[in-house]
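Read from first to last, the chains carry the letters A, B and C; within each, the first residue is number 1.
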């Protein structure tokens, strides 16, 4: 059972109509409409500075669009360049904190094991490698089942094994009826149901 | 409104404030240092020091709050934690309030607790008045941290935001500084001053979180 | 009503004749007020002799220091709620002007204070103190706007700060009054209207109204400049994106 789904899931989990955004005087994009159904993935594409991250932030409700509307029919997970990891936090305390914040009773040890963080589980983030920090933040996706995942460049700083792991997580999530919106610059590694090109 | 995200934000802020290595020692050092400079600047006449001591501690407290506040929201915007907190579904004002309160607890309250010691150095008589004054420093410090928090949230995305925080917060610190200093004198109006101090602190607690929330949403935008 | 003014084009058309009108009336009113005030009315020895004539600039400046901050806060509020761009442009334009008049108020107050109080700065004067903190509010507002990287962010940050400042002004005023009332009473600047002789009152009123109109005219000019500035930037951005 996915948490945060309102009513029965028949329509799209996430939809947006007529999104437009201006930064300063620059028009990033206009008239962007999209919708993501359960089990579907959507990849946002575009060159550097085209506004992929901004669009993703609008979909997550972090940035207010200049025009248009976003409807989310369920809770979402957020995973971006900035991991949200504090220098003093260890993978275990970080995941523990967010498990508490979200009120989920996940087994931390199994999440840490899945993310390959057993060994550095108690090392403060300032001593972790970039890849280990990414894995810690990815672990949040497993703390609680949420229907929508929003991923901004999920492969950054990960090794081949890490990429495999992310792909596995994504496929599992889609199979379980979840939806994925990802901003990916290079290879996505999976076949997205839809693409938005900015 | 589930209280869990707010408690977690409080816990994280507390951990962050203490994890700097020196924990509360750094603001304490600054507070004491700022206060100790004064006799070097104005001379050592006990009468003068006794007269200006309480006021000097208010000024030192205000400065310490500004110095320690610079990073509380700036770090969150840089490491991405702010994005996560804004997506918990809990009111941003409650998150901001919890974080600021945690910060006061870690960096502001220790200063109030240290104040009797510094007051003695400023030639104050050792009496229960010092404990009462410590409570007043704690109360006023809370208002400093909340108004300073508004400045910190507004300048969260600004490089060298510390200077901006000072400029923004200075006029907002005026009532607390006046009521606080007044409540430690024995002249007319000193009886009601602690009540005014408490009222203005309550006002800060009621208003500042909403301003911080609006500013943080802007910082994340 | 706000929506009617919210159209930048309508504002440009309106201010095209309204701003010059404000300037013309301001010159007449300030000119008459200063002529009466500086040459015609007798000096009030009780108020320090000829130095009291600085009142004809000081009092209008004091009035505008308060009024302009309130106008800025109201414009910020209007922008925050309705997002009318002209309101933000108004708030942005009022700030530097408000700061200038506030500085003039402080400077003239200080000049008036030297012979009457015997000091350039009197910490016990509640009005001077309040105006000083007003000055800091303006400076903070301008500094905050200037440090934001887009105009949309500058508008939002500025509006939040202006509103926080505005709800604090009564508390600041109250605390400063309490602070100064405990020290010796040294209020020499009793420029209270009713107590003043009519001979002073009329030039003072004319000068105050003149300053207000000058302020209004300058605000409109700055707003026009800002509107053109934004349109130019928009046109540039469009050209750039079309390549």
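Following the convention adopted for this analysis, contacts are C-beta pairs under 8 Å (C-beta built on N, C-alpha and C of every residue); 3 or more make two chains touch, one makes a residue touch a chain.
Fair warning: this is a prediction, and the values are worked out from it, not measured in the lab.
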item	value
Most distant chain from chain A by Cα centroid	C
Higher-contact pair (C-beta pairs counted), A-C versus B-C	B-C
Interchain centroid distance [CA atoms averaged], chain A/chain B, Å	36
Distance between the centres, which are taken as Cα means, of chain C and chain A, whole angstrom	49
Chain B and chain C: spacing of chain centres that average the CA atoms, whole Å	31
Contacts with 2+ other chains: residues of chain C	149
Of all residues in chain B, the ones touching two or more other chains	221
Contact footprint of chain B on chain A as seen in their complex	57, 60-64, 75-76, 78, 80-89, 93, 97-98, 100-103
Chain C-facing residues of chain B, complex	150, 154-155, 157-158, 161, 164, 167-168, 170-172, 174-175, 178-179, 182, 187-189, 196, 200, 203, 207-208, 211, 214-215, 218, 221
Residue ranges of chain A touching chain C (in the complex, touch as defined)	22-27
Contact set on chain C toward chain A in their complex	149-152, 230, 233-234, 236-238, 240-241
Partner chain B, residues of chain C touching it in the complex	133-134, 136-137, 139-140, 143-144, 147-149, 153, 156-157, 160-161, 163-165, 167-168, 171-172, 174-176, 178-179, 181-182
